[in-house]
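The following blocks contain the structures, represented as C-alpha cells.
Across the two complexes that follow, chain A remains constant while its partner is chain B and subsequently chain C.
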Partner chain A sequence: MKSRFTFLLSGLVLAAMQFALAQSGGLRLPKTVEAGSAFSIQSTGSGKAVLYVVGPGQVLRRNVQLGETAFFAPGGLHNAGHYLVLLVGESSTDNGAFDVVAANQPAALSFLAKPSRLPVDLRDGISGVVYVFDTFQNLVLAPTQVSFQLSGAAGAVQTRTVLTRNGLAWTKMDSEAKEGAAQFVARVGSVTGTRVIEQVPGDPCRLRVSARPAGQRLAVETEPVRDCSGNAVLDGTIVTFTESYKGGEATVDVPLKHGVARTEMPAYEGARISVATGVVMGNEIRWGKER
Partner chain B sequence: MKKLLVIAGSVFAAIFVLASDQVAVRVEPTDSVGPRVLETQTKAAVIRDYLQAWRGLSGALEQNRADLLDQDFVGAAKEKLADTVREQAKLGIQTRYRDAAHDLQLVFYSPEGLSIQLLDTVEYDVQILDHDKLLTTQHVRARYVAVLTPTEVRWKVRVFQAEPE
Partner chain C sequence: MNIGRFLAFFIAAATLALIVVGTLWPIPSAIAMAGSGADLLRPSSTPQAAVENLAHEIGQQDWEKAYSNLANKNEFSEEDFKRDLTGSYSSLRTYATLDNFELRPLHASADEEQIQLKLHWSTVVGTFVDTREVSVVRKGDRWEVTWPVVKEPRVPPQVIAVNYLRWDVIYRGPEDDWGTQDVEAPHVRIVDMHPVDRSDGVVILGELLNEDVVPAFVTVKATLLAKDGSAIATEDSFDKISHVLLPKQVTPFLIAFHNVELSQVDSVHMDPSASLIAASADPVIGIEDQRMNPAPGASLTGKLVNQSGQVVNVAHVLGTFYDKSGQLVWVSDQYVDRALVPETPVAFAISIPPDIARKVSTERAVTTTYSSGRFQ
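The block that comes next holds the complex of A and B.
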C-alpha cells in the first residue's frame, strides 16, 4: 500500500514538474513548478541534511536523508516566485534555485471599472482594467483571453476581447445614448466580475423659454429640457431666468422639476427675458412693446 | 548618422543611475505606459516608493517583523510577505535581501490612475541564517512584476511576484 502511494505521488510529482530537471551539484531540482503542485527535490550522497526552500513568498525547511528524494505535497509551495534551495549536510552544502509560476487556471479577477457614473453618449468614457489571478492570488502571467461586455438599458451590447499582457488586460467603452444603469462584465473562462455603471443625461441640448401674463406678473416656463440624445435632464438642474428691463435686471434660479423650470417675474413693458443652464444658453424673448 | 545620434541620445537620456544606498537603478524609457500619460512626478514617486519597498521587505525578512511591511505593501503582497515572516520566525530562519541593481520598466498606468505596473530585472544578494548561523550567501538575478496602487501619501506594492526570465 505504501509503495503504491509512493508510486502515485511520484507520478503526480513528475506531472507537475514542468520541463527538464536542473542539476545543481548534488541537487536535482525542477526548473519550474506550477503553484500548488507537488514537486520533489533529489539529492545525492548519504547521511542527514537539512533542506531549505527560501523565497520572499514562502520559506520551507525539512530534514532529509541524502540520496533520497524529498517529496513536497500539493499546496506545499503555492506562492509564485523565485526560490533558492539550500541543502546543508554534515560535511557538504549544495544550492540551487527554481521558479514557481502561477497556475494557468484563472480563479479570480481584480476588475477596476471607472467611472461609476458618467453622461450618456461619451466616446471611450468607460474604462475597464482586469488583473487575472490564480487560486493562490498569484498574477497569471501567461497570456489569457479576457472578454469585456457592456450592456445597457437600451439593450445595446458592446464587447471587446483582449489578451492579457503581464497579467492584465484593459479596454475602453462608449457610454450609451440612453440613460440608465449599464452592466459592465469582465470574463475569463468561467470567472466573471460585474460592475454597474450609471449613465446619466448629458448637458441640455436645446433650451427654450416662453412667457404668458399671470395677473400683474409674467409666468415664464421652459420646454421640457433634454440632452442631445433626447434624455430628460435630471430634476434639480438649475435653470437661470434673467429679465433685463430699462434701468434694471432681475435674475431667478429655478431647479428643474419634472423636466421643466418655471417661475414668475415682473411684467415690464419691453423687457428681455433669457434663459440659461450651465454653459448652455437658450432663446431670448421680449415682452410687450419697448418704450 | 544623425538618426544614430538621436537614438543614442534618447537612450542616454532615458537611462539614469540613482546612487541611492549604492543601489544602481536604470529606468527604461516610458514613452507609452498604456492608456494614461505618466507625468514625470508620478514616475519619480512610483520608482522611489518601489525602491523603498525593497528596503521594507529587506528589513521585515531580516528582523522577522511583519509590521515593517505596513509602509510599503498592501493587499495580497503584504499578506504573503507577512506569512513568510511568520514562517521564518516559527522556523528560526532569517533572510537578508540586499538589492544591488534594478532595471525598471514601467509598463502600464491604468486609465483611472489607480494602478501602475512595472517590470524589474533585479540583482540582489540573499543570506540565509538558521538560528543566527549564516548558512549561505547567494547572488540572484530575477525578474519581478510589481503592481502599485496609490494610497493617501505614497504608492504601495499590491502585487510583487518574480517570474522566470
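The block that comes next holds the complex of A and C.
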C-alpha cells in the first residue's frame, strides 16, 4: 500500500514538473518556512483540489477549495529542506516549491571532545567540535555563537568564543600543568554540553634509584617519581631496574606502587644499578667495591 | 603398457616396499611416535636398548611401566618421576607430547654406561628439548636406567598478600549519544625499527613503547613496498612480541618475511595497533644471572624469578640484542617449559644465530607471563 502511494506521488511529481514548464502557477507560497512554525498556502481558481506538500522524509496531503487559503498548524513541517507543492484539481494541476529552514533558536548540540585522555601541559592538545541543532534536530546553519570553557583541577579556566560556520564550531585548548579531570563545556545560548578530559602526568622528569642491603640481597627503590610539572606519575607505570656486574646482568620490570618502584636484586660487589622508564633514563649507582 | 599405468604400478610398489622396511627396521623415534609401538621394543639387553625402551614408555606416557624399569626406584616415587617430566604445576610440559629422542653414549664400562638422552617435546608454541645424562647399570642379563630425577620445589601452603594495580575498562554503551567520548585507545610508539637482510628473507626488528598511562594490547604489522609503490608482502609479529604492554613498558618485536630480498624493498610501512585491555600489574618477574654465551651454541641464558605470589604457568622470554653502537641487531625468544612458582628460579636459554652473536655487545630481556584462569 505504502509503495503504491509512493509510486503515485512520484508519478505526480514527475507529471507536475513537466507541467510546470508550461504553467505560470496559481499558488502563492512562502519563500521559506521556519521548521515547526505555522504557514499557509493560497491558491487561485475555483473548485475542489488536493494539495500535496512533499519534502525530505515528510508528505502532507490536504483537500482544499481553490481560491481559499490552506493553513498549516505549527509543527506541521519539521524537517529542514526543499519542499515541493502540488495542487491537483479536477481540470488542472499547479505546483511550486519552498524551503523549510532550521529554527534559529538552538535547542540541542552535539559536542565532540578529543582526546578523552592526554598528558598535562600540552599546547593545543584538546579539540572540541560542536554541531548546533534546533528542536527538530535540524542543523542550524545560521552563524551562532558558541562558547567553549575548559576548567581544570587547578581551577584555571580557558575560554574561547567561536561563531558556527555551516552549523559547526570548533576550537583547541591547552591541557593544564596539573593532572586531574577537566570539565570541558560547550554552551550555545542556554544549551550546554559537558565532557570530561582526563589530564594525566607526563613522562617522568627526575628518576633516581637507591639501594640498601636486605639480607643476602639488595633492596632497590626509586624516589617518588614525578613528571616535569611535579605531578606524581601514576601507579602501575613500569620502571626497569638493571643491575650489571662482572659477567652478568639482572633486570626487573616493576610497576610503581604509591609513587615508588621497589624490588630486590642480587647483591654483587661493584655492581652498577641503573633505572629507566619508557625512554627516560634515571641515575646509575654502584654497589660496594668493584672486584 | 602406457606410461601412466607404469607410473601407478611403480608408486604402489615403492610405497609397499617402504612400509615393509619401516615396519621391520623402525628407528627408535618412530617407535616413540607410533601409537602401538610397545610390541616393537627390544629386550633391555644392552644399555642403548634400555634407554630406548624408557624413552618409548615416556613417549607413550606409560609412567607405571617406565618407573618399574628404573634402577633407582627407591630414591623417589612414581609420582615424583611423572612430575619431573610433566611438571608439578600446569605448564607447557603438562600438555607436551614426545616428538622424538636422541641417544649419545658418553662413556662405558663393563657394568655401567653413561648416555645422554635428548627428549624432543612438542607443544603448541614449538618444541623444547629436555636433556638428561642417564646412567645405565647392569642387573644380571638386563640393563636398567638410573633416572636423574629433578624435583620441582613445592611452595608451602601460605597466604601472600598482593596489592598490585589492576585496570578494568568500561566502554561506551549503545544508549550513549554519538558525541559522547569513548575511552581513548592507548598511545603507543615505535621507538626503533631496523630491517635486516638474512639468508632466508628480510627481518624487521624494532621496539615498541606504550607511552600512555593505561595497559595496551599491541600488535605490529609491516608491509614491504617495492620501488613502484606496490606491496611485496605484509606480515605481523605474531608471538615475537610481548602483546600486553603496561604503561611505559617497551617490547621488542621481530617480523619475518621469507623469500624476500632487501634489495627488492624500497620502503617499509609500519602499522602498530593498540587497544585497551583489562590487565594486572602482577606478577613481577625478575630476570637474574643473564649471560651472553659465545658461539658455538651462542645463547642468552638466565633465570626467571617470580617475585609475586601467583604461580605462572607459561613464561615467554624475549631477548633484545644490541651492537656496540646501541643499534638493535636481533630479537629472539623462548618459552619456558616449567611453571614459575614464587621465589623459585627457573632457567632459560635463548639461542642466537652465530653471525649475530659476534656483533652483540649488550642485551635486554623482558618476560610475558600467562597464568591459567587469568589473561595476564
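We adopt the following convention: the second predicted complex is superposed on the first by the 267 of 291 C-alpha atoms of A that agree within 3 Å, B and C clash if a C-alpha of one lies under 4 Å from a C-alpha of the other, contacts with A are read in each partner's own complex, and residues count from 1 in each chain.
Convention: a contact is a pair of C-beta atoms (placed from the backbone, for glycine too) under 8 Å apart; a residue touches a chain by one contact, two chains touch by 3 or more.
Just so it is clear, the structure is predicted and the values come from calculations on it, not from any experiment.
Of the two partner chains placed around the shared chain by superposition, chain C is the only one that A:248 touches, whereas chain B remains out of contact.
With both structures placed on the common chain, the touch criterion links A:117 to chain C but leaves chain B unconnected.
Of the two partner chains, chain C is the only one that A:265 touches; chain B does not reach it. Once the two complexes are overlaid on the shared chain, A:200 sits against chain C while remaining clear of chain B. After overlaying the two complexes on the shared chain, residue contacts for A:141 are found with chain B alone; chain C is out of touch.
In the superposition on chain A, contact of A:279 is made with chain C only, not with chain B. When the two complexes are laid over each other on chain A, chain A has residues 112, 114-115, 131 in contact with both chain B and chain C.
Against chain B, in their complex, chain A makes its touches with residues 31-32, 50, 52, 54-61, 79-82, 84, 86, 88, 93, 95, 97, 99, 101-102, 112, 114-115, 127, 129, 131, 133, 137-139, 141, 165-168, 170, 172. Looking at the complex, you find that chain C touches chain A at residues 163-165, 167, 177-184, 191, 209-215, 246-250, 281, 284-291, 307, 363-367. Contact residues on chain A toward chain C in their complex (touch as defined above): 110-117, 131, 193, 195-196, 200-201, 203, 234-239, 242, 247-255, 257, 263-266, 277-279.
Those residues of chain B lying in contact with chain A across their complex are 34-35, 57, 61, 76, 79-81, 83-84, 87-88, 91, 93, 95, 97, 107-108, 110-112, 114-115, 117, 119, 126, 128, 130, 135-136, 138, 140, 142, 145, 147, 159-164.
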